[in-house]
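Have a look at the structure below, then the notes.
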Amino acid sequence: MFYVPKNAVYKTVSRRKFLELGGGGVASLGLGSLVVGLSTVISRRPVQAQSSLDAKWKQYEGSKLVFMSENTPPSFAIRDKIQEFYKLTGIEIEIITDGLPSVQQKVGIDLQSGNADFPISYVQDKPIGSPFADFYADLTSLIGDETLPQDPEGYGDGVWFENFLDACGRFYDRDRLIALPYDAAVACTFFRQDIYEQNTKDFEAEYGYRMEFNENSTWKNVYDFAEFLKRKRDAGADVPYGYAQHQGSFAWTTQLDVQRMFFAHGRWLDWEIDDKLGSKSPPPSNWGDEQSVFLMQKFKEQADVCHPDNLANGTLELNTVYQSGNIAMQVQYHEFAASIEDEKTSKAAGGRTAYAPCPKGEASWILNGGPAVNGTNCGVGGIGINGNASEDVQRAAYLFCVYATSGAIQFDVLTGLGGTPTRKSVMDMPGVADARKRPSSMPNALTFDAVYDIGIKDPNFVLGPKVPEANEYHTIMAAETQRCLSEEISAEEACNNIKSQIDNLH
Amino acid sequence: MASRELISYDKGVAVKVLKWASPIFLTFYLVWSLLPLFIMLVASLKDLLDAFSVPKPGDWAGVTIFFDFSPTLTHYVALFTENGFGTYLFNSLVASIGSAVIAVTFGSMCAYSLSRSEFRGKKDLLFWIISTRMAPIVAVIVPLYAIFRSVDLVGTLPGLILAFTTFNLPFAIWMLKGFFDGVPYAIEEAAQVDGQNRFQAFVTILPLVAPGIGAFVILCILFAWNDFLFATIIGSGGAKTLPAATKELVQPQNIDWGKIMAAGIVTTAPMIPLGLLVRRYLVAGLTMGAVKE
Amino acid sequence: MTTRASSEGHPALSDQDWGFATVDQKPEIYNPQPSRMFYVYLAMPAVLLLAAITIYPFLWLIYMSFHKVGFGNASDVFVGVKNFARLFNDSKYLQGWGLLLKYSAICLSIQVVAGVSLAVILNNSRHEKILVTLFLMPMMVSPVVAGLLFYYLYNGTFGWYHWIFQSLGILDETSILGSADTALYGIILVDVWQWTPLITLITLAGLKRVPQDQLEANMVDGAGSISNFFHVSLPNIYPFLLIAVLLRFMDNFRFIDAILALTGGGPGNATRLLPVYLFDVSFKFFKLGRGGAIALTLLIVTIILGMILVKVLEDPARKKALSGDTDG
């Protein structure tokens, strides 16, 4: 806590004294360190626009910053790069990782109470970005600052994959940018090619079409496959279940699971708001309309032919079920491909699994007249800077943002731990194009066709709903959907309950 | 043991049934009680694939695959080399021992004072002390966080020690007051007659209550060690403890069960002998002194 | 342990050091006047520390519960009793109480029946000591570790408990946490596993104090040991059980670690006990005003329960039973 950097001017004074001496005196010297907030130390050496790149990187040499992140592989990957970052900038980064709920709590308290204990934090789009967007620093001015080193590719929408910058960086205001995309979890379909091939004959005899899955396959097909396999299984055949939903305890992924299917049918949205920017004061929601009730019924019917442990399968548990060969298909986030292709733990490895975009809407299920799309959603994690932090802390933090979201780092993470790039340039780096085909040295790349070429593009991609009370909305929706699936309430009641509760939120 | 002899006089049918059923119930309970811990231990020694294999439902003979594995310590090694459990172990030790020592030191002073003095509102004061221990943590943790934050104690070991003290101190006061109540005042009186001052007299009786004090230090350690909510909200960051670190191993993309089971063992193992060591005081400690053994 | 001290007719420290809970004997020479300040100084550090960490949060809680708490630059808005009024229209709040009561009732019934049976059996067992030692172990496990452990055991794909349930035909492929009908029992089992031994220990302590003469008197009347249990032992251990039940009930308000690790409140709202809901409102939704109102109601009930507990402790008849006097 009372960290004193090596080149600090006031090495021996107590922290209190140090604070009393204040920023003013120290800053006027142009060189010095200041403890600001918990564990954060700033030490600055002024630079000009004409200064060398190295000087720009090193202008905060001797500083120390805290990065609050979720306990996901990219965070662990960046931990391995901390030494390299230190060599480049002389800034020490302390990474604190925690589960998403804890990160939410701590970052939330920190941001809202006007502190800057965590100058840098992981901005998981809806759970953290939606409620706290206003408290993050606007990066646009830092991006244009010539006294800071900048990524040669820049930060325009075009250098990231479609929609990613919007997903985690823009909330409620097009002119503010609160985070740069760091990693992405995009939904796509994982299915057992081998099992489909074995069963396609029987299936075709009954349903009149082949048991195949591609970008034109619909939610109706998913139901048919699941119903067929379940019937066969119930009759004693040694086949897995056909499908399983994400209805476990984590509310957000439950909401995303419902949203994918709803959006696929006529691009149905919870609220009539700008999906990319969201709204702080959404109008009454669309829940309870004819389309939502109909789809909720379909969702329930689908659950009935799913793997029976549907309500215990959170995203991760679901993946385990798929790995263990108990289901033939899952709609899963593409970062899980690496675990599926791991021969040691997965029965679905070794070419048994094929990847496709999320299922498409079924034309006959669309009641609102919209198009049928491959409804796809995501969790894009950005890196953002605490808006309560002083200008110097923000600038030092920005150095880390630039470094951590650079293409080179993303490439390293992809090849090392199996990351999920956000910059397009990574696709052109050595070996990535080849890895999209089997045998692949970067298994996540096997999903790239489905995810980056189709899923994340409009009109398939749904970003929101970005509303300040996103977390309560997720919880309400998850709870009511689960109640409907456990036959506690009807589909119509579920939709009406959701409506009455979320219309009260804002 | 009066009742044991009594039961043997009985020849009724019900008693026979009970005699026959008792060992079965006892065996069942023993298995029920220890099986989870046993599975945790074994799973911590299995590699991931072995830990994930169960027989087909109903295949009772297949149970043998539970034992079909080659033990490995990799999870334990990984915890300490990759996940920094050495630090968390250290934090757990410092925070729980620190808070126990503080709670019992201040607690015994306060308890002694409450035991020996009489004043109006004493009952209310005692009730207030004990109610602070009973308050739901979730209810008070937001304001507590703010207080700790304003004095820069969040994420630090001193902060965590203080946080644990919030529940250990009222516990220690309440328990030790009962203890001091049992020490005759005559002993201090005699000491004072011998020319000692009040404080010296207080110190004189400390050896008499030493076993109790020792036991409550250990119970305080146990409560603090096992705490989760304070540890995650006040402590995590710079002062992450074992339970908080164990929960954190549950990651959105990966639950490394081998490591979690190993972490569970690391967290639990030191507490079992400690608990047994103060076995005699355990019931009293867990019932706020209402029941003694 | 039973025959400790008291049977040796040696009432000194070894037995008297257990005179808990209330002052039941005054120092014979009692003269507070000269050294009053001494006591105040001695008590001061602890009382001040406690005051600092309890009174302020409590006042703040009250303040929050009457405000819409603003963050950052937004200031707090006084909303009167709106936060409280809203609770009564909040189905999850009311359901939270219901679930808390249901959960506690089932947990405690199982624990009392199993715990008392176990104690009676153990009391008649030659292996009491070693068995009690073994039974104690679950109580030493950190609740969050217990939660994670059972999460593993319950897993529908690789959990051994799930396999056992399935093999016994209790469950089909749906795991215990995977259905709104059974999830509550899933979390109850964890509590039962951890805390039944406490009831056993308490009952054992009580059984040791059942007056010999009462048992004998009952036997003379021709009653068997079963009658003995219901007519003599049970009334004697009743005060012990009452305290245990109250304390466990209050702990259910306090500890949600295992539930957070197991279900987080789902599926649906099936395991969203009031403290879990409070956790959601305060920490996930950051509705500190509404959270404050929920917390305050929870706190008030805790305090009332605490008062009942202290009443029970101080009731003279019970106190006698509890303090182990066997002269009656």
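All chains are identified by letter, namely A, B and C, in their written order; residue positions are counted from 1 within each chain.
To be clear about the criterion, a contact is a pair of C-beta atoms (placed from the backbone, for glycine too) under 8 Å apart; a residue touches a chain by one contact, two chains touch by 3 or more.
This is a predicted model, so every value here is computed, not measured.
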Far-end chain from subunit B, centres as C-alpha averages: A
Contact-richer chain pair (by C-beta pairs counted) among A-B and A-C: A-C
Length of the line joining the C-alpha centres of subunit B and subunit C, rounded to whole Å: 14
Interchain centroid distance [CA atoms averaged], subunit A/subunit C, Å: 40
Overlap residues in subunit B, where contacts from two or more other chains coincide: 52, 146, 247, 250
Numbers and ranges of subunit A residues touching at least 2 other chains: 105, 113, 250, 320, 324
Multi-chain contact sites of subunit C, meaning residues that touch two or more partners: 157-158, 283
Touching residues on subunit B, where the partner in the complex is subunit A: 48-49, 52, 145-146, 149, 152, 154-156, 232-233, 236-238, 247-248, 250-255
Sites on subunit B touched by subunit C in the complex: 1-4, 6-7, 9-10, 12, 14-15, 18, 22, 25-26, 29-30, 32-34, 36-37, 39-40, 43, 51-55, 57-60, 66, 106-107, 109-110, 112-119, 125, 127, 129-132, 134-144, 146-147, 162, 165-166, 169-170, 173, 175, 178-179, 181-186, 189, 198-199, 202, 208-209, 212, 222, 225-229, 242-243, 246-247, 250, 257, 260-261, 263-264, 267-268, 271-272, 274-276, 279-280, 282-284, 286-293
Interface residues, subunit C side, partner subunit B - complex: 1-2, 13, 16-30, 32, 35-36, 38-40, 42-43, 45-47, 49-50, 52-54, 56-58, 60-61, 64, 114, 117-118, 121-125, 131, 133-146, 148-150, 152-153, 157-160, 162-163, 166-167, 193, 197-198, 201-202, 204-208, 210, 212, 215-216, 219, 224-226, 228, 233, 240, 243-244, 247, 250, 253-254, 256-257, 261, 275, 278-279, 282-283, 288, 291-292, 294-296, 298-299, 302-303, 305-307, 309-310, 313, 322-324
Subunit B-touching residues of subunit A, taken from the complex the two chains share: 1, 38-39, 66, 70-73, 96-100, 102, 105-106, 109, 113, 115, 117, 250, 315-316, 320, 324, 335-336, 339, 344-345
Parts of subunit A lying in touch with subunit C, wherever the complex brings them together: 101, 104-105, 108, 111-114, 131, 134-135, 247-251, 307-313, 317, 320-321, 324, 326, 469, 471-472, 475, 478-480, 482-483, 485-486, 488
